[in-house]
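Scrolling down, you'll hit the structures one after another.
Next come two complexes built around chain A: one with chain B, the other with chain C.
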Partner chain A sequence: MAMPSSGCLFFSSSPATLLLRPALPHLSLPTRRPPRPRQQISLHRRATRQGNPPGTNPAAASSQSSPATHETLTDELKWEEALPSCLLRESLPRHVAIIMDGNSRWARDKGLPVSAGHEAGYRSLKEIIRLSCLWGIRALTVFAFSSENWFRPKAEVDFLMTLFQGVLKENFDIFVREGIKVRIIGDSAKLPKPLQKLAKEIQDVTVNKTRFELIVAVSYSGRQDIVLACQKIAQKVKDRLLEPDEITESLFAQELETNHSRDFPYPDLLIRTSGELRLSNFLLWQSAYSELYFTKSNWPDFGEADYIEALQSFQRRQRRFGQRIS
Partner chain B sequence: MDSDYGILTTFAPCLLSIWSSIIWRFCMGVFWCSLQLLLRVVHIGEEAKNIRKIKKLLHSLSKIGAMNVILYDTKGVLKKYMASSELFCNARTTCFDADRRTVTLLLHGDQITIELLSFSDNKEIISKAANFLCSRQLKSNLLASNKIEAVYTDTDLLNALKMAGCGGLQPDLLLVYGPARCHLGFPAWRLRYTEIMYMGPLKSMKHGAIVKAIYDFSNRNKN
Partner chain C sequence: MKYKRQNNFKSSSNIFGRIWFSMRMFLFNVLSFGPLPAHIAFIMDGNRRYSKKHNSKEDTGHNAGFSSLISTLQYCYELGVKYVTVYAFSIDNFKRKPDEVRSLMNLLKEKIDELLEETSVINKYDIRVNFWGELNLLTEPVRLAAKKAMTVTGKNTGPVLSVCVAYTSTHEILHAVQESCANVNKMLAERYSNECINSAEGLVSVADLEQHLYSGSCPEPDIVVRTSGETRLSNFLLWQTPYCHLQNPGALWPEFSLWHLVWSILQYQRAYSSLQERRMRSKKTY
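Moving on to the complex of A and B:
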């Protein structure tokens, strides 16, 4: 996966030397076990039997389509068993954003071609998606390709687009089967036509999926997101649907590219790998209250242990947002 | 490194307070020149009411060589203090700009310009800028025979932000003081490539930690 303005993209080989990339391994997500032939108690009945009002689980209460309100006790037990003991389910972030940085540095450190770094980065991404689904995180936004990355050598950019297309194609059925809603944000007009078509298709097919949201930022710029929101609002004003004086902060937020996610528009936790300490034009508006976690691990090395550490760090923080702790 | 600077400042305050700034500047050598150009931002959050610490922070930054500093707190507490000049009552020279958002001080013989921002300078200002752009577009369409489609660029929005009162420079470094590691709504437009370093609670602020943060920043590879 490409990094935002980080100088760690693919090798700058000529197109003639590009090798056919081996087929990408499938993304494997935990499969659901069939229900056991015994009485299954819904979460609602279990909660009320224990005296807890339904919806006391913040993650469930905050989401209209939380799996916790639809799943059975057996499924809830499986989640609790899967969650590491050092993490508290009720205070997990619902939406995590990741700037996947360091693929090239990882490859360089190992004496490998940059393409190997991006292959390894893809494997990391699959693992993090798998863990996020397993642990009940509801949305994941990843920064795959920034608007500034278009200034890379053409061969690199072409290879990236090919890789991205391959990833979507390989995992299309898995996203559908596992209930993952895929959303591509960014300036899609710059993408190759086949990729645009595939991206649109996967978004249309998965639009009603509710188990997990995967938002991939490709050709994305936080500033451009804000500018385009201005443009959309200007169009509404032009069409007499809105007066300039009626433009508010919440109205503005509705026009951002992340507004499609009604339940989780803003990330609770934003992770950046490779030791860089910047947002690099990613989710500038949306990250106002995101807990920032910077790790020195390069993205291909970011695995379960690093993810747990980031989530633990999130859970340890006092997240008050201006309110006083008594 | 923190303990070394701590010893330096506590042993002979009278003499060292004069010499220390010279020594630091000498030692920092290579990046001393770049310090002149850095625009540092301090994000204070809930601890904005700790004026004594903020003054100490400004003195530290001035000693290091900060020329431009933005102080940000979500609720605009510092702006209120600025209005009463309590924050700068010991400064040699105080010069406010027309809208009293920026003040230029003389601390330790060095000039430092401080811009005060709050949450209202982020999303609210962007909304105002959008209002400005839309109003201008509407007027253009009223005057023109053919309605022009609104196509805005970064520059258009930047100019609109300046008109709305928040189109300043992008800071190079954001030092975050407080309990949460968030930028808490610092103006989104100005945060694109800003390095963000978490410094802990303001009450635990140390001069050495600030020096270390700036030193680390100066040694980072930009990409």
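Moving on to the complex of A and C:
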């Protein structure tokens, strides 16, 4: 497993160590500390230590997501204290998307049933959500189940549906308490009725939460997302509410399933685990300018060290959006 | 099927050319024991960095990039790759300085004219050339040159070169949406039965959208190569590439050589079985 750069507070663990690490019982954000005066000097010191004058990091300057306007002083201090020193807060991606691939391969490599792989994958997801909240990343989209996954063996699909239901139930109160807005995107009509009901309930209850957004793609297809958006627009055209030449990219984007997030609509960084080099029909429109990061680790092995490495890779990139940076 | 040069290898000007040709053919024959891609797409990134690296003017990088394009096309067509798509100029590139945009437009015109010359690779391989993008955004000389190239090569039966200029994938999808919705209006105007389209699903299908994409007549790419080591698609072929193999060699585009292409094919062959399996599954969902 790759090691993060020297000077970082956290060091990588071998897969064996990750397995021995006790599973977290539930998500928890760090406890709030009494607020203290904002230390602008420490930010400047960190930025100049890294060699960049403050406010000029290219990755931060060109982040697709709009700056959060509702970060509290307490949140900023907490993120700054918790962030590994090898990462710069001002150049972190605001929105990270992850294709959580490799659960079955992980289980097969260890001689375990596929269900064990998915359960290990869930533990990885909990840890990444915890770290994302801790470090001030504002939105996380995860590809949990694609429209093509329905062709997997029925036993595996049934297990996954049960797992999703269990995960939502287990973490329901935590999402509410910690201010996490949960959104489920995908063709929910194909999901079992109890899961549909639970998904709707959790989305309704957390709709006004603002601390962190968790978007879970279940039975999702990027192409279907585009086609459904097109159909909604075609309906408006049919109802004479819109002319074809009035359709713009922003109008179209509002009809996509990711339209609920105004501050962080598109991922800045898209991570895919397990070494596969493709997008697999995930967020096709939305990932037009996302930085892609591919890692050979299977999803259950993707831990803090891998996440730090992915974020460091993002920080090193120069995002140009078709323009020149002299 | 390999698109051998219409002039056989005896036309090579010297013995070294013939030896190099024979070696390439041997190498391509070996590669053809495994699956070969039918369509490769290139994001030709790194021309300017190449100029900086060699302390020369910007034109040097672009000219070297064009040479790299011609040689890569030749190798692809000798190998039997029928479709090659290249990302030449994005709609976002219009945001650059006006002088640079003007210079790039002049360069595009010059290179399109070179492609149509008698001795160019286009004629040697009987290539059909497409230009994908919002051509109305181009300057008039470039637009006319592009249209001329498409007309002159329209009846060619050999491999296909698609050049994306004034292109972004989101614009392409939007264009397909607009065309599909215009069809809806047309159906309503012709009093096509409202009973047939009483739900949104009946208005537009996947096939309708795909038909109106610029790439409607080409299969989906098997490989997308972005040179210079950058790992992003930059709004290129988003709809067409959900199951294609993404590669990002560190070489700058002018440095992309036969060996980079061979390595690209080998990586594709290694991932082929899982790519095919996913593609088959995806077709079942529509």
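FYI, the second predicted complex is superposed on the first by the 257 of 326 C-alpha atoms of A that agree within 3 Å, B and C clash if a C-alpha of one lies under 4 Å from a C-alpha of the other, contacts with A are read in each partner's own complex, and residues count from 1 in each chain.
Just so we're on the same page, contacts are C-beta pairs under 8 Å (C-beta built on N, C-alpha and C of every residue); 3 or more make two chains touch, one makes a residue touch a chain.
Keep in mind that what you see is a predicted model, and the values were worked out from it rather than measured.
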Fit or clash between chain C and chain B when superposed on chain A: clash
First (chain B), second (chain C), both or neither touched by A:S147: second
Which superposed partner A:V205 touches (first chain B, second chain C, both, neither): neither
Contacts of A:L112 with chain B and chain C, given as first, second, both or neither: neither
Where chain A meets both chain C and chain B, residue numbers: 222-224, 226-227, 229-231, 233-235, 237-238, 244-245, 247-249, 252, 276-281, 284-285, 287-294, 317, 319, 321-322, 324
In the complex with chain C, residue positions of chain A that touch it: 147-148, 150-151, 221-224, 226-227, 229-235, 237-238, 242, 244-245, 247-249, 252, 276-282, 284-285, 287-294, 317, 319, 321-324
Of chain B, residues touching chain A in the complex: 45-46, 74-75, 122-124, 126-127, 129-131, 133-135, 137-138, 141, 147, 149-154, 156-157, 179-186, 188-189, 191-198, 220, 223
Chain A partner contacts - residues on chain C that touch it in the complex: 48, 90-93, 95-97, 100, 168-171, 173-174, 176-182, 184-185, 188, 197, 200-201, 203-206, 209, 230-235, 238-239, 241-247, 271, 274-275, 278, 281-282, 284-286
Chain A residues within the chain B interface of the complex: 5-8, 222-224, 226-227, 229-231, 233-235, 237-238, 244-245, 247-249, 251-253, 276-281, 284-285, 287-294, 317-322, 324
